[in-house]
Structure formats: structure tokens, C-alpha cells
Amino acid sequence: MNETLLTILEVIFMPVVAFVIGLFMVLMMRKLAARLQRRVGPPLMQPFYDVIKLYGKQTQISHGLIHDIGIIMAVGGYVAAESLLPVPGMDGIADKGGIVMLAYLTMIPSLGLALGVGQCANPNGSIGISRALTSMLAYDIPYIIVIFGVAYHFGSTNLIDIIDTQQAGGVATWGISEMPVLAIAGLFALHASLGKQPFEIYIAPAEIATGPMVEMGGKYLGGLFVMQSFQLYTASVLYVSLFLGGGENWITFLLKCFAVLAIPIIIAYLFPRYRTEDLVRLVWKWPVMLALIGVAFVMT
Amino acid sequence: MNSIVLNIALPLLVAFLLPLIHASSRIAARITGPLVLMVMMWSAVIVFKALEYPVSIALGGFLPPVGVSFHLDQLALLMATIIPLLMLLLWPYQYEQNLREQTVLLLLAAASSGLALSGDLFNIYVFYELISVASFGLAAANRQASSFAAAFRYLLISGLGTVLALTGIALIYTQTGTLNLAQLGLLSSRLDNPLGLSAFALILLGIGVKAEIFPLNGWVAEVYSTASTRTSALLAGLVSKLAVLAIVRILVVAYDDSEAGLMLLVFGVLGIIWGEFSAWRAQDLKRMFAYSSIGQLGMILLAFSIPGEAGMFAGIAMMLHHLVVKPALFLLTEKWNHGTDSLRGAARLSPLAAALFVLFALSLIGVPPLPGFWAKMLLMSGLVGMDTSVYYIALAVLMIATVVEAQYLIRIAVTLYSASDRSSELRLASNTGVMSLFAVVLLSALLTLTPLGSKLYHIAAESSNRALYIRTTFNVNPTPVLEHKNATQEASL
Amino acid sequence: MSEADSQKLNVLLQGIEGLQLTQFNQRRLRADISPEALPALLALLRGRAGYVHLSAISCVDWIAEDEFELVYHLYSYETKILISAHIRIARDPGVYLSVFDIFTPAAFFERDIHEMYGVYFEGSPDMSKFILTEWQGPPPMRKDFDSEQWVMDTFNWQDYHPDWLQDIEQKGGGIVRTPESRRGEE
Amino acid sequence: MNFLDGLLILSLLSVIVTGFAQKLRSAGWLSSVLLGLQCLLLMGMAGLAYGSPAVSSSFSVSVLGQPLHWQFNALSWFFALITLASALASSVYAAGAWGEDYRLQGGNPGLLQFALNLNVFAMLLLLASGDLLSLFVGWELVSWASLLMMVLAGGAAGRFGLRYIVYATAGAMAVMTGLVMIFQLTGSFQFADFAAIAPSLSNAQVVTFTLLFVFGFGVKMGLLPFHLWQADAYAETPGPGAAFLGAISSRMGLFAMLILVIQLIGLGRLINIEVPYSFFSLRDVLMWVAAFTIIFPTFTAMRQNDARLLLAWHGIGQGGYMLMGLLMVNPLGSAGGLMHVFNYASYQAVLFLVVTAVIYRTRTADLNQLGGLVTRMPLSFLMMLICIIGLAGIPPMNGFVSKWLIYRSLIVEGMPLLFVASVVGTLGTILSVYKLIHNTFLGQLRLEHEQIREVPWSMMIPMLILSAVVFITGFLPGIVLDWVASAQAALGIPVLEHTLGGVESPSGNLDMIWICSVLFGGFAVGALVFYSGNKSRRVHQLDNYAGGHFLTADDRYHYSNNFYAGLMHHIGHWYRGTFQWLESSLGSAISLLSAATQMLFNSFHPALFLLLAATLSLLFFAG
Amino acid sequence: MTQNELEKIEISTQPKRTNPLANVFDDLVRFCRSRSMFMLHYCTGCGAIELPPAMTSRFDMERLGIQPMVTPRQADILLITGYVSIKTLKRVILTYEQMGSPKYVIGICSCTVNGGMYWQSYATAKKLDEYLPVDLYIAGCMPRPEAVMEGMQQLMQKIKTGEADSWKKYYSHYDYYLGNQQQLFGNNWQTPTDIIGEAESYQLMGPQTLGEHTKILQQVQKPLEPLEMKL
């Protein structure tokens, strides 16, 4: 019983931590972008300001119940997903799901968003969703191969086991040193999954007016900001858990997470945007090839 | 036993007397024909029932191999029963101007019975000729230019076939000095040489004209589509089977274990391909059934080409099935004798006819649990049992042919049941009386599948037993028929 | 314009009555013609002389003469010469024939001129509003439409007169002449 | 007289009764009641799913010396449950308002109910088959009964039904050949006899049997490349009929394949047979067939513009998952495959019913003619949402659990490419089901649809119950896994250890109870955060940002056509229609051959043939 | 009613709440609003060209939390960067109404003040604040980026102190704005946004929300009730 209670407490606490770290990840992203463009960039608390302001908007425009529910699903799905990601000291319900579960659970927010956007009846939004799903189809293939390789390598889909194995053996047994090719492919997939340049086809402000977000204002947009911070957190923590041995303690954990995230972001802001078909072509070619080579190495 | 001769003599006699009877009393003339057929049936059934083992009857007291002999076994009597039965079903009751046709039909009945029963080659030839004559008459009976033309073509090829058959018989005679089948069976070693086989080939081709063997079936589509539906039904249902039966008799008794069976196989396979594929494109129901019947005959030949009881069993089953189904389907075309497209919506006007069509079509395709399925199953089982590549090829052809068959038959069914664009077309209202009877036969066969199956197996076992045939003819003390090996296992298929 | 070109054109156009050709330079010709003869001229130029491009139709409002001047600019890619055919039509009722049947692009120019000047072109496919979909007043490019007056009647002005501006004005700078006062001077 | 006898007799009786009661107005309800009674009888045998021994019928028939008998084991029970439940749902759905409407449209709802009962009877007979012969009889009955269902609608349906029957006959012929070969080997049609000699079969024989049965039964399942008939035929079937056929009919092929290939021949044999010149075993080949069956139809579905076609194409694709799972040796995979049969039936039935509901209200299933119906048919939307989540295999619905089992087993077995293939299929499914729900329920509501209402309760209740099943068995997969485990035991393959919430295994657990609770907890948090903001105000759909453009009700700005335009720029030219091409060239070849044969008949005098044949055969024998 | 009269009307700002915690919360929200301004630059004229320098490395608006946004739903500030033709004005109003409150309008360039160099054109609107409540004008032809930044900071200050609430004026004096709009666009003028309904549902009705012009609107408008879910 006590254990269950502890689990429940962890499940409550983990999303909060994730949210805070995620906001700082957003900040880091914007700061890095600014530095790359030789700007000063936003102040430290800028992500908080944005979220609070959006929730504090006085008129909120809804296109119907599904519009609301979509946002709830988008946020709620990630809140749930965070409890499947072990962090130092907290395992949550990671042993009840595993990576395959996580990979599919993180689709729920996207689905929720897609539903909400659909109800908005804005063609730009629909186009955005169609592109978002297309890019998901593109990056999920290398991503899932990487997950397969890692799960096969460690003989488990349980993230706790995977992290434990890596931590027990030190850096030499980290995923990245045992499966470098997969790690590269994973980073590529991670980058694509973030929806940043050059893969931001579904945001494309100048083309389709930020696609899914076109009708989102106030707390709706606020929900999406929250979702974005969760997304950055989830992606980086998952990568750290798979390849960088998870977190021994909070300091190394955060260091690793932010470092992992910094790489795609730095690359992102040096690029313009691909077209949809070029994105699909690119992602199905290089990362998939790398991931398959990586899996071949893992399996032999 | 000897009363079976009545089956040949009576109709022959009445056929000649019929004009006289007609002259005296129209009513008497009308009932004479059916009456004769009933008598025939009755006599055949009596004999069939009394028959415990095959019997050979020598006419006129001359013993075989010199005399004209009849060979009475279960297969022969079965056919002898079926002939009058089928004719009764297809008898032209309602026609006024049908004296000539009735005469010819009675002639056909006599000849058919004779062919089924006779035990020597010469008799077979004679009765076959009689059948030919009768069928020419039938083919031309509806007195239209097109049917005359068709009948003429038929006559031509049939005559040519007769010549070939006669040549074959002559060849055999030169080889063996006898035409009695049992005697031939004793001397079969003399026939297992190129000359003997050539003789068989010639007979096969000659008689094969009636049996719709490929490639001698060019007349089929034309005759069937121009002659009256009853004639078509009779020719397709009965005459072709009798011709096959004659060939099978020769094959079993005189050409056991020779390459002759292979020839049957080749003709059978080619017939399946040609028949079914031609039917696939046919635009007219009658023509489609005609082609389909070529394919079916191919299947029957294929079945008979399998040596031993399995083949005989499959062949007889297929034959009887086709005998029931094909005439029924031909009867359907009596009203539905136009392009298949014009049948749209016919099911609404005559639901029973459409339902019967579906029933027969399904049985023909071989859908369980309808009888056609079991027949086809026996055939396939026999083919697989041979375990030879030639037979596997035949099996593959059979499979493809079945698919093609299913396609064209169900196409018609779908057309029948699809919505009609015209309000009503009375001519599509079909007469289903006789057809229903056939359906009853089919369904009762379905219900009595188990006893029927074992009965047919016995018939097959008996008729595929060459030694028994020979013994029956020459030995007055026949041994009991049922002496086959491990009866339970093999009895089934 | 080469001698040959000129010759050709003269031969071609000799049948047209009242045509007056003026050459400005190598590349430009002015043709003054009566409104009745214009379609014939355009058809000839297009069909026989290779002037396939109607680059614009322009309109001038000669209010003093009570006439509109329509100018059809035709260009030939072969001789590289621009011919401007000028006609004058009466301002009232301001109706002329469409040349849409000769040059398809004319529809666009005619619609524009109709909107801006109120000239009606008979036979033009579409004479509905084009740019000024919100405009309810008279055709705004006509000389008798006083745009400034209309603005004065329609719009208000910012009441913006801060102290620093008043200072400047006292020193004789700034905008001392209001639009109204300027109008009086003219 | 046991429950099985009762069930079969009642089923036959239902066929007869509904056959005669076609014209009755209450035929639908009558049929529903009869089906409900059958369900009760089936429940009487529920012990089968929890370890009771198999039930044999007390009657048997003997044909040509071969006994035919019928029996039920856990596997049959499992499939029968799905069959009867989906039939009952379809029947109730068709009995009420839909049936009335169907009658007004010129259809015959009584005939539909009859066809439904006939199909159920045929399927029960197949599921109960106790030997190869009864299996084949049941198989053919199922084939032809579903033809009846397919051609009910008339028109194009007839054409598609015809196409189906060509495939089905070809399959049946293959099966029959296989059976006859077995008979020649064993001399009987008993399962046990074949199982006894199966280990001693030569590799060539195993390959022959496997190919024959996989082809024969695979046709019905829509395995590649024999899948072309299915989508069109199902799409043209009247709604509830399509729901029933889509849910379970194709799975009969899987059932038969299970019995023959997995139970009797055994996967062990297939794994040991190497395909020459490759790394593949025969099993791998079949798994790749399954993988392609997942991918190609799923991506074909993505391009459909008709909701029914889209669903029908998915039905083909989902069959691939089942086969793939069942071809796996470990219990995870086979449990996943079996469970997927159940899960798939539950949501596919609802999806077809929802689409039918949409058609009932709007008279169209064209995805370019709909949109925005969520405000008018919110419950239908909810049903569809639940079920597309299931179809796409996303938690927390049941579709996820079965797919998870399959993924896990692929990881455990170390099959990366197949794993990728199955995931690609899932992704494709997500894309196309979003298109489905978006184009029908989301987006702009058309002017002509402003006045429509939710469908009546007679149609709603079956959908509600089935989608509740979709959700509950996702939340508590143990319920179904119990049955699946018994079915595995009945098949004689390893049994999956499971809990109520999912699977416990050392290399990764699944506990759906926790996951779902946390997920809904997460939604609660999301809702809390959301509703802590200011109250939002609903606006009209025309109050929409379109770059400053004024939208009017006449503007159709719903983005629906060529929904994945960007993706299609890349993969559009991969759709070559190769299978269509193959099919039509085969058709042309037959047509050509047929023309040639006819020509041969028509252009020469038969006497010529006679002489030719005589000469040839004389030459043959003389030479 | 003239502009002068309009200026004099006191907007009923929300009274300071007595609960100190609530006050802190309100202050926090206002502060966040001032530090997070998403601007929709509706690039109407030449002025838009001055925004890229203001956004990029030379002046870096993001320092102040100002970000460009592309749809009105997401934006807080409507920047009107040049002359507004009558046709454009319609779209500007539509866009403004689609923004979520609190929202602010900045008129950049002289054209938005008084028509600028197009003062005598029949085709451009002259005084922007007759049609929309403008919080801030940045005059100049065109104003330099420094001026834009200065203006932005002034607006931030106004938001922080709670002075910038012109958006409420639009609700509470809708009749006035609508009247001016109708004068230009005719009596059939209607935007897809139901301002009166919004004002009602957010308790932003003022003394002049309704009037003679809204009466005309209510007569001619096509109904815009949201599509309610129906069971």
C-alpha cells in the first residue's frame, strides 16, 4: 500500500518537475536562437510570462467542445506520459509501460491537438495537421527502429532496467558508446520530432499561419506552450535514458538533458524549412539507413 | 432377366406403329409414348432389383463370342432406368405437331437402351448409328432454317465420325477376330500394340463426336442453340453420356492398363479448357450452357481416364450429376433464350426459376453440400490419388476451369437478381414445372448422399472389374460381385 | 521605323478613313482616328501587321471639351513599334464599343476605365466593380469629381495641436496653412 | 442435446424463420431476438473459455463413408463470441430506424436479416467443424453466404460480389486440393489423423500444403496479393451488413488457417524449411506476406475518398497484424494476434455503423461532401473517436494492447524489419483515420447539414455498447486475455501468462489499469489547468481567421480533398496499381484465351478437327 | 459624438480588488502581459519595413518579450504600419475583432494618424481611431526603429499600470465605432465576430454598446450563433 502511495505521489510530482524543466528548455531554445542570431534574447522568466499572460487573457475564443477537449488531451497526455519517464529518485509507473508504451502514449497529445484543430474548421489548421501527421510518419520510422535496437540490446523494454544496466556499467556501457550509430540516428529522429527547422513544415508561419495554432489564442495557445515544454522535456529525457545512462543525480541528469537538446536546436536555427515531400524523403533516407545499420550492429 | 430385351424391342416397335396409332386415335397416340417409356422404366427397375451379379444374355441362343450378347450389370441397368425416366421428363407433352418427334424420341429410347446394354462392339456400333439418326431428326425437328443448317453440319461430322469408328472396329476385328467385348478382354494383349491403340483412337474419335469430346464438338454450340430446348437437354444430358459410356466400356474391358487412358485424359483436359473458356465469353445463355457442357464432358472423360474404381466412381458420379443438372439448365433457356444482358431483373418475374438456376449453378460449380461438390471431390481425389505429374496438371486445369465456371455462372445469377431497368418483360417469366422435378431429384440425392454414394461405389467397383466382366460372359457360374479389398476404407471414395 | 515598315503600314491602312498617323520617333506612332473606324484599325493591325499585344487602354477626361479620350496602345513584337490609337468620344453618355472581340485582354482595361471614369463599353464581358468594391460615389477619376471636397465631407481630422507645435507655429514654422485655406488661394 | 446442439439448431432455425419472415415489419426485431438467444446459448458454453473441455455435438453425419462431426473448443468459442456479438449488434442496428429507412430507399431489410442469420449459421458451422470435411463444408457455406450479403445492394455490388466469388472459388479449389491430398495421405478427414502424420511429412509436402491453405484461406482474409476484392465488396454492402462482414467474416480465413497451418502442420515445421537461396524460412515468407498485407492496404486506405472504402481497406490491413502475431512462436505474439481479432471486430463494427449513421443522416459517405458533423452528431463522433483510437492502436483503447503484444514479441524475437513494417502500418492507420474523422466530423459544417440530428437510439445503442467494449477491454485487457489464453491452449501453442491489467514479464510489463488511470489523471490535470483560465466563449465557425478574408456560408473552406498532399508528392507515384494491373491482365488473358477458343470453334468446320485429331492420334500411336 | 466627447468618457476600469492576494495576482498578470507582447504586424503600408530592424540583432525586440505572431488569435498587439485604404480597413477591423482581449492597437506612420501624404485621397481612411480604439500612435514618415521601440516601451508601461485598456472602449462604445464603419462601408456591414454577444458574455457592456447603429446591424446581420452541440 505504501508503495502504491509513493507511486501516486511520484506520478503527481513528476509532471510538475517536467513542466518547470521544460519551460527552461524553451528558454534555452530561444536564448540559443538569439545568440546564434547575435541578439540578446528573452529574459530568464520569459516562458513563464508568456504562459501566464496567455492564461490571463480575458476573452477566450472557443470553436466548440472538441476544441477545448483537444487542448486538455494535449496537456493531459503529456502529463501522463511524464510519469513513465524515470528521473533520478523517481520511477513513477515506468515499470508498468516501457518504451513502446511511451512512444504511443506521446501520440495522444498530438491526437488531441489534431482533434481540437479539426474542430476549429480552419483550413490552415487542417493543412497543418495533415503536415504534422506526415512528418510524424516520417520521423517515427527511424525513431521506432532506434527504440527496437535499444530494447533488443538491453533485452528489455523497461526504461528502469535500461537505465540501471547503463549506470551499473559506467560510461562504457552507455547506449551511446555501445550503439553509436543508433545514437546518431536517434538524435536525427529526435530533431525531426521536435518540429523545429528544417522540419517545421507544420508550423510554417509564412505559409499556413502556424498551422495547428492558427485559431489558438489565450489559454488554448497557453496549453500548447505547456505542451511544447513537455515535448522538449520528454524527447530529451527519453534520449538521455536510452543512450546517456539516464541521470545518476539531478545535476548530471539536467546537464545531459540540456546538452542533448542543445544539439538539434543549434542545428535548427541555421536552416530554413524543407518542403513536406523533401522532409519525408530526407528522413526516410538518412536516419532510417543509419538506424538500420545500427540495428544490424546491435543484432550481430 | 431376358425381359430387358423389351426395353429395346418395345419402343422400336411402337415407334414404327405410332403413325398408325395416330391415324386411329389421337388420344391413344398421345398417351402411347409415355406409356411405353413407363413400361421400359418398370422393366428396367424390375431387372435392376432382381440383379445380384452381372449377367450376360445371349440373344437368339448363340453364346458369346459368336452371338449378339447383352451385358447386364448395375451400370447398364442404371442407364437403362434413367433413359426412359429422363425422356419422360423431357417428353413433348404439350406439342400438337409432334408425331414425328415422338417417333424419333421412341427410336432414341430404344437405341439408347440398346447401347447401354449391349456387350459387343458391333451392337454398340449399330445402336450408336441408330442414336445418330434419331438425334439428327431431333436436331432438325423444329424446322427452322438455322436448325436445318446446324443439323446438316452435325450430320456431316457425325457421319465422318461413324466412318472412323467403323474403321476402328474393323481394325480390332482384324487383330482379334472378334467383336465381343468380353472376348476382346481376353485377347487384350493383342490390342496393346500401335495398331490396337490406333483402333481405339479411331473409335474414341468416332463415338466422341456424340460425347462432345474436344475437338469434335464444333457442332455442339450450334446445334444446341438452334434446336429446341428439350432436344438440347436430351442431347447434352443423355446422348453424350451414352457415348461416353460406350467408350468407357471399351476402355475398361479391352484396353485396361494401356496408354488408351492417357488419351482420354488429354482429350478430357483439352475439352475442359476449351469448353469452359468458350463459355466464359458466351453472350447467350443457351450457347453458354452448350460450351459449359463440353467442359463438363471433359471432366467426365478426365474422371474415366483414372484407372480403377476411383476413376469409375468419380466418372459415374460426375456423369449422373451432369445428367440431372444440364437438362434442367437447358430447360431454363426455353424462355430465357436471349442475350445474357436481357435477363436483367428476371428473378423478380420468375423467382422460382432464378432460385433453381442458382441451385443448379452452385451444384455445377461444386459448392458443398450439394451433390456436385461430392462428385467433383471424387474426381479431385482420384486425380491426386494417381500422384503423377500429368494428373496434377489435369488437377490444376480442373481448378482453373472451376473458377472460370463459377465466374460465368454467378455472373448470370447476379444479372438475374439485379434491378431491371424495364418495367416488366413477361417473356422472362419462365416455366419451371419440369425443372422443379430435376431440383427435387438433385435435392433428394443430397439427402440420400450416403446410401447413394455406397450404391454408386458398388456400381463403379463392379463395372471397373474387368475380370468380372469377362467371367460374366463366359462363365455361367458367376462369383458374387462384392469381393473388393478392405471395403470400409476404399468404399468411401 | 524603317522605310519598308512605313511603306507597308501605309499600304495597309490606306483604306481607313480619317486616319492620321504621326511619328514621334523610331518606335512610336500616334494614330488619330474616328471612333467608328477604330475597331477596323485594331483588327487590321492585329490581323495583318502583327500588332498582337494590346498593352493598355488609357482614358483622359477632357472636361473642357466635354470629351473622353481613349488611347489604345498596341505593340508589335516583330517591328518593335508601339502604336497609340487615339479616339475621342462624347462625355455624355460616355458609351463606346468594347474591343474584347479583337483583343481579349481589353476586358480588364475596359472594366477598370468603367470603374474609374464611368465610360460604358458595350459588349464587354464584365462591367462590374473591380477594385473599388466599397466605393459608392461617382467615378473618382472624372475631372468633375472633387476628391478633396469629398474627403473633407467624409472624414474628420485629428485634433492634434500640442504645445510644441504651437511654439513652432508662432515662430512661423509648421503647417500654418490648413487645407481649407489653401483651397481658397487656388 | 447439449448447448452446442442447441446453438446450431437454433441458428438453423433462425435462418429458416428469418427466411420466411422477410416481409414482416418486425422481421428485424425477430432476428435480433433469435440472435440474442444464440448469444445466451453461447454464454452457456462460457466454461470453454476458462478451461472446460471441448463440447461435441451429439449428432453427426456420414457422407461417402466419411463422418462429419462438429465440436466447440475455446478457440471456436472465442470466434463464435465475436461472430454472434457483432451479428447481434448489426441486427439490432438494422432492426430499428435504419431498417425503416432502408425499406423506404427500396431495400429489403428482412432479406438483410436473413442474410445475416445465414452468415451466422455458416460461420458457426465452420467454427464448430470437427474434421476437415466439415471444415470445408462450413468454409464454402461462409463464402457463399457472404456473397449473398455482398450483392444485396444490387448495382455495383453485384459486380464486386462477382469479383469476390472468383477469388473465393479459386481459394476454395486450393483448399479442396489440399484436403484431397490429405485424404490420400491419411485415408480420413480427421484432424487427429493428419496431426499424427504431420511430423513425418516431407518438406515438399509441407510447403505444398502450407501454400495451398494459405492461398485458399488467405483469399478470404484478403492476404496480399489476393486482397483486391475485399474493399469494394464490403463497401457496397448495406451498412450493418458491412459492419458484420468487416468485423468478422474475413477472420474466418484466419480461423481455418489457424487450424490447418498452425495447429495441424505446426509452426515448427515452417520455421525449419528454408527457402532456397535466401535467409528466409517458410514462416518468414508468410510473415512478410502479412507485413505487406499490413502496409499496402493501409496506405491504399489513406487515399480513399469514401468512408466505407477507407474502412474496408483498413480491414484488410488489420488482418495482417493478426496473421503476423499468430505466426510468432512466442505466446506474446500469438496472444496478440488472437486478441486483435476480438479488438478489431469490436471497433471495426462500430466504425462501419457510425459511417452508416452518417450516411443515414446525410446520404453520403463521400469524405469530400461532409464535415463539421460533430456539433450535430456528437455521440456518433465520440463512438468514432473511441474506435479510431482503437484502430490506430493508441492507448487507452483495446487495439493498443493487442498491437503492443505483437510489437513486444517482434522485439523479443529480434525481427527489426517486421517490427518496422508493423509500425509503418500503424502510422499509416493513424494518418488515414484522422482523415476519416476530420473529413466527416470536424471542420466546417455544410449549410445543407445544419438541420440534421443525432441518429435514433435504436442505432445508437449497439454502437454505444460495442464502443464500451472497446474501452473496457482496453482498460482491463485481462478479460479478453483469459479467453485468448484458453484459445491458445486449445490450439496447442504456448499460453500467455497475463494479469487483469495486461502482461507481467521480466523484460517489460504492461499494466493498462495503471496506464489508463494515470492517463485519465493526466486529462484531469489538463482539464484543471484549462478551466482555471478565463471562461471561453463559443464562436460561429465563420468567425475564423482566413488572412483577413470574410468567410461566408457558401464558401467551402473545409480542407478535405487530397488530405495528405505533401506526403503524396513524395509517395504518390509509388501507387502503381500493380495488383490492379495484375488482376486486369489476368482477366484480359482469360478473355483472350476465351476469344481464341471460341474462334477455333467458329471458324473451322468440325470435320476438319476430326480428321486432324484422327491423324494426330494415329501418328502418335503408330509412331 | 465627436472624438473629444469620446475621450472624456471615463472607462469603468475594474475597481481594485480588496483582497491583497488578488491584487498581487492582478499585478502579476499585468506585469506578464507587459513583458510578453505578441504582435500581429498587419503590414498595410511602408512602415512595416521598419520592423525587421527592430526585431533583429540591432534592436532585438525579444529582449522585451515582444514576438511576432501571424494570426490575430495569438496576438496581443495589432500594429498598423501605414495607410489604410477603405478596403483594407475592413480587413483590419475583422482582424482586430478576432484578437483576444486584452488587445492593443498601435498606429505607426502618419498615415494612420491623419492620412499622411494620402490625406486627400478618396480611397484611404484618415483617422484610424474612428474605427478602432488606438492605444498609441507612432508618428513619422516612416518612424525609425528607435521610435518604434520607444513606442513599444511606452505601451508596456501603460499596460503595466493598467492604463492601456482601450479594448474595453471598443466593447463599451461599439455603437460609435460601428457607426463610423457603417458610414464607410454601408449599412450592410457586418463582421463575423459577434461583438455585442462578446460584450454581454464578458460583462463589458457599456452605456453606448448599443445604439442606433447596432440596431441597423441587428436588422441586417446574418445570425452568428455558435453551432451548439445537439443530441
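We call the chains A, B, C, D and E, going by the order they appear; numbering starts again at 1 in every chain.
Following the convention adopted for this analysis, contacts are C-beta pairs under 8 Å (C-beta built on N, C-alpha and C of every residue); 3 or more make two chains touch, one makes a residue touch a chain.
Everything numeric here is computed off the predicted structure, so don't read it as measured data.
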Co-neighbours of chain C and chain B - touch as defined: none
Steps needed, at fewest, to go from chain B to chain E via touching chains: 2
Chain D omitted: connectivity of the other chains: A, C, E | B
Chain at maximum distance from chain E, centres defined as averaged CA atoms: B
Pair of chains ranked first by number of touching C-beta pairs: A-D
Far-end chain from chain A, centres as C-alpha averages: B
Mean-CA-position distance for chain E and chain D (Å): 57
Distance between the centres, which are taken as Cα means, of chain C and chain A, whole angstrom: 61
Computed distance of Cα centres, chain B from chain A, in Å: 78
Distance between the centres, which are taken as Cα means, of chain D and chain A, whole angstrom: 35
Chain A, residues touching no fewer than two other chains: 56-61, 63-65, 209, 214-215, 218
Multi-chain contact residues (two or more partners), chain D: 372, 374-375, 378, 445, 537-539, 541, 543-545
Junction residues of chain E, two or more chains touched: 71-73, 90, 98, 198, 202, 226-227, 229
Chain-to-chain touches, reported pairwise for every pair that qualifies: A-D, A-E, B-D, C-E, D-E
Touching residues (chain side chain A, partner chain E) in the complex: 30, 34, 37-43, 46, 48-50, 52-54, 56-61, 63-65, 205-206, 209-210, 213-218, 221
Touching residues on chain E, where the partner in the complex is chain A: 28-29, 31-33, 35-36, 56-57, 60, 62-63, 65, 69-74, 76, 98-102, 198, 202, 226-227, 229
Residues of chain D touching chain E in the complex: 372, 374-376, 378-379, 445, 450, 453-454, 537-545, 548-551, 553
Contact footprint of chain D on chain E as seen in their complex: 71-73, 90-92, 94-95, 98, 191-194, 197-198, 201-202, 222, 224-231
Interface residues, chain D side, partner chain A - complex: 371-372, 374-375, 378, 381, 385, 389, 393-395, 400, 404, 407-408, 410-411, 414, 416, 419-420, 423-424, 427-428, 430-431, 434-435, 437-438, 441-445, 501, 506-511, 514-515, 518-519, 521-527, 529-530, 532-539, 541, 543-547, 557-560, 563-567, 569-571
